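Same chain, two partners: chain A is paired with chain B first, then with chain C.
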Partner chain A sequence: MSRPLIIDWTACEGRGLCADLLPELIGQDKWGYPQSRSGRTVLVPPELERPARKAVHLCPRLALRLEADAKTRVTG
Partner chain B sequence: MTMTAMTPAQGLRMPPDGPRLFAAPNPSLAAHFATYGAIPDVTPAQLLEQVHRSGLTGRGGAGFPTATKLAAVSGKAIVVANGAEGEPASRKDVELLRRAPHLVLDGVEVAARIIGAEQAYVYLRPEVIPVVQQALAERTGGLRITVEAAAEGFVSGQETAVVSRLNSGPALPRFSRYRIFQRGVGGKATLVQNVETLAHLALIARYGGLWFTTAGTADSTGTFLTTVGSSVWEVNHGMTLRQLLTSATGQPAEEWQAVLVGGYHGTWLPLPAALDAPLSREGLELYGTRLGAGVLIPLPSTACGLEFTASIAGYLAAQSAKQCGPCQFGLPELARNLHALAEGRGGTEVIRQTAGLVEGRGACHHPDGTTRMIRSALKVFADDVRLHQHGRCLARIAEPYGGAR
Partner chain C sequence: MSTDALWYLARGSGVVSLILFTVVVALGIGTRSGRGFAGMNRLAVASVHRAASLLALVFLVIHVSTLLFDPYAQLGLVDVVVPFGSGHRPFWVGLGTLALDLALAVAITSLLRERIGLRAWRAVHWLAYAMWPIALAHGIGSGSDRSTGWMLAIDALCVLTVLAVAVSTHPAFRDTETPSTTPQLVTTRGEQR
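Coming up: the complex of A and B.
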């Protein structure tokens, strides 16, 4: 099951590490901030969980969080 | 039920005819009780049931069902009455607090009773603090209500910003893994409600959910407060734009070329095309917009929609909390490109592209609200966009021939 990768925009400074580690899912916009390739919330499939977790741990701004799965998220 | 079923001896009154929120002759507690009577002594579950039945939705802008929000909070929760009214085009919360502070405070107590809260805050613009403090001094009751001054700024009334401020932090939107109904003020479950929503709640607690639905439409029940230009009105949901604009401004509806519905984060609607739009959720849905906090800004045919939109965008860019990159960099870029467009330089494509770069990419809805307003302007003022590219402007057609600005 895919897990949402949440970006804390208040912490992110566009260092670009997540785009380096997860190029399949994340690009960078013209200001350098992470940009979801799907245009929506970044969803991490099981085969990319390892680099995704690496991105969460190595993000110099601690701006990433990998959520359990899409269904448990409270929205609204 | 007969009229005599509600006897003055119980401190109960029949609901007022006409205006609901603005029915009392003055803001005193005596006038408040003479107008509305006391709140019946019923259980929290009964109160919540009436709120469900009323169909009341939040009047702060998001329009979320109040009963659902109340049901989501439990435990030793905190109630926050939000009167920050950061929208510069909105005056309704200030007007309500000046004229009916006890209705808002009653609403705080009712909300607290429903969710079992023992502590509450009223978060207010500085100019209404004296009237609310005077109202508090007139009251007796168990609930601890603390008055807090709202910070200046467009985003200061955003729920997470209010909670941050009450936690002695900056009045800026916050990112958290928890929702504030889970962890808010002091880490406790927190209910943040707009002051107008609470005032309606105070009336529902007295007269019931069914009574509430006797005004408005099936989907948008009750009355709502609206700011038109600089005046505040209480109107029934379902009234048409034409009725409201003509009675509020005293001018014929043909004077206007467009109206911004929902404030600076709202949507431009073309006039006269949208004049018969009913002011309700389902009515405005057809026009792709919603009431938000009830702000209507009519644009005279002698004003330039592009210039006005550019100036609002400039304001909103300046109001960015500058915490989130896409908003910090994208909004000023949007404002610059809109100014260029109004001056006949540049096109709309670059604006749409930048809008796409900021949407959904922030801790709050400031970027999304801003681009909604801008995108609607590009649609509604499309003719003017073309004219401006040739150094002309629709607003100037209204002037005598040769009338240069």
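Coming up: the complex of A and C.
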């Protein structure tokens, strides 16, 4: 299942590490802020969980959070 | 291992950790406002900064633990953490102890960054700016190779590296906006007015 990657917009400063790590899911707007490729909440498929976790750890502003997968959340 | 071998290992690992910490500080300064640096993107800078700092710590641990067994340094377990009490050159060795304490504080808070929050992490991380010059002074004051030409050259190179990076990446020397996003003002008249 895909896990939502939540961006804390009050903390984000558009440093761009997440876009470097997850180019499949995250692009950058013209000011460098992350932009979901799908236009909706960033959903991380299992095969991209490693770089997603790395993005959470390396974000200079601690602005990323990887949530439990959507299915578990609904039932839990 | 003979005490001579330990002695060489202690000296060598001290020098290597100084060089690595210089790289770490230079990368940290170079990317302090979140930009890429030296042809690397932000991700690469952050990764190398982190990896080099952990490697520097490994050499620092080797440096300190080999000195514990060295008969000349007369370093006790207490001197590893509490500065200025060692038998040999207490002031200059004490600076090394101080640098070790600061390095540990910076490293541990970095590893716990997600727990302690950005504000506390950042406050402690500033100590790195004190740690590096203290470590450098420790090498200049108590290193066995301190008066050799090659060691002085390494010291000078370390200082020059950090200064060069600090000056060249200073906000005053760069554009306020990234070139790729700023429409360039194109003048068709060229040099003639």
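To be clear about the criterion, the second predicted complex is superposed on the first by the 70 of 76 C-alpha atoms of A that agree within 3 Å, B and C clash if a C-alpha of one lies under 4 Å from a C-alpha of the other, contacts with A are read in each partner's own complex, and residues count from 1 in each chain.
Criterion: a residue touches a chain if its C-beta (ideal position, glycine included) is under 8 Å from a C-beta of that chain, and two chains touch if they have at least 3 such contacts.
Nothing here was measured: the structure is a model prediction, and the numbers come from that model.
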State whether A:Leu17 touches chain B only (first), chain C only (second), both chains, or neither.
second
Now for A:Trp9: first (chain B), second (chain C), both, or neither, which partner does it touch?
first
Name the contact category of A:Trp31: first (chain B only), second (chain C only), both, or neither.
both
Is A:Arg50 touching anything from chain B or chain C once the two structures are fitted on A? First, second, both or neither.
neither
Just which bits of chain A does chain B share with chain C as contact spots?
11, 13, 30-32
Chain A to chain B touching residues, read off their complex:
7-14, 29-33, 35, 40, 65, 74, 76
Per the contact definition, I'd like the list of chain A residues that touch chain C in the complex.
11, 13, 15-17, 20-21, 30-32, 57-58, 60-62
State the interface residues of chain C toward chain A in the complex, per the touch definition above.
34, 41-43, 46-47, 50, 113-114, 117-118, 178, 181
So in the complex, which bits of chain B are touching chain A?
64, 173-175, 177, 179, 323-327, 329-330, 357, 360-363
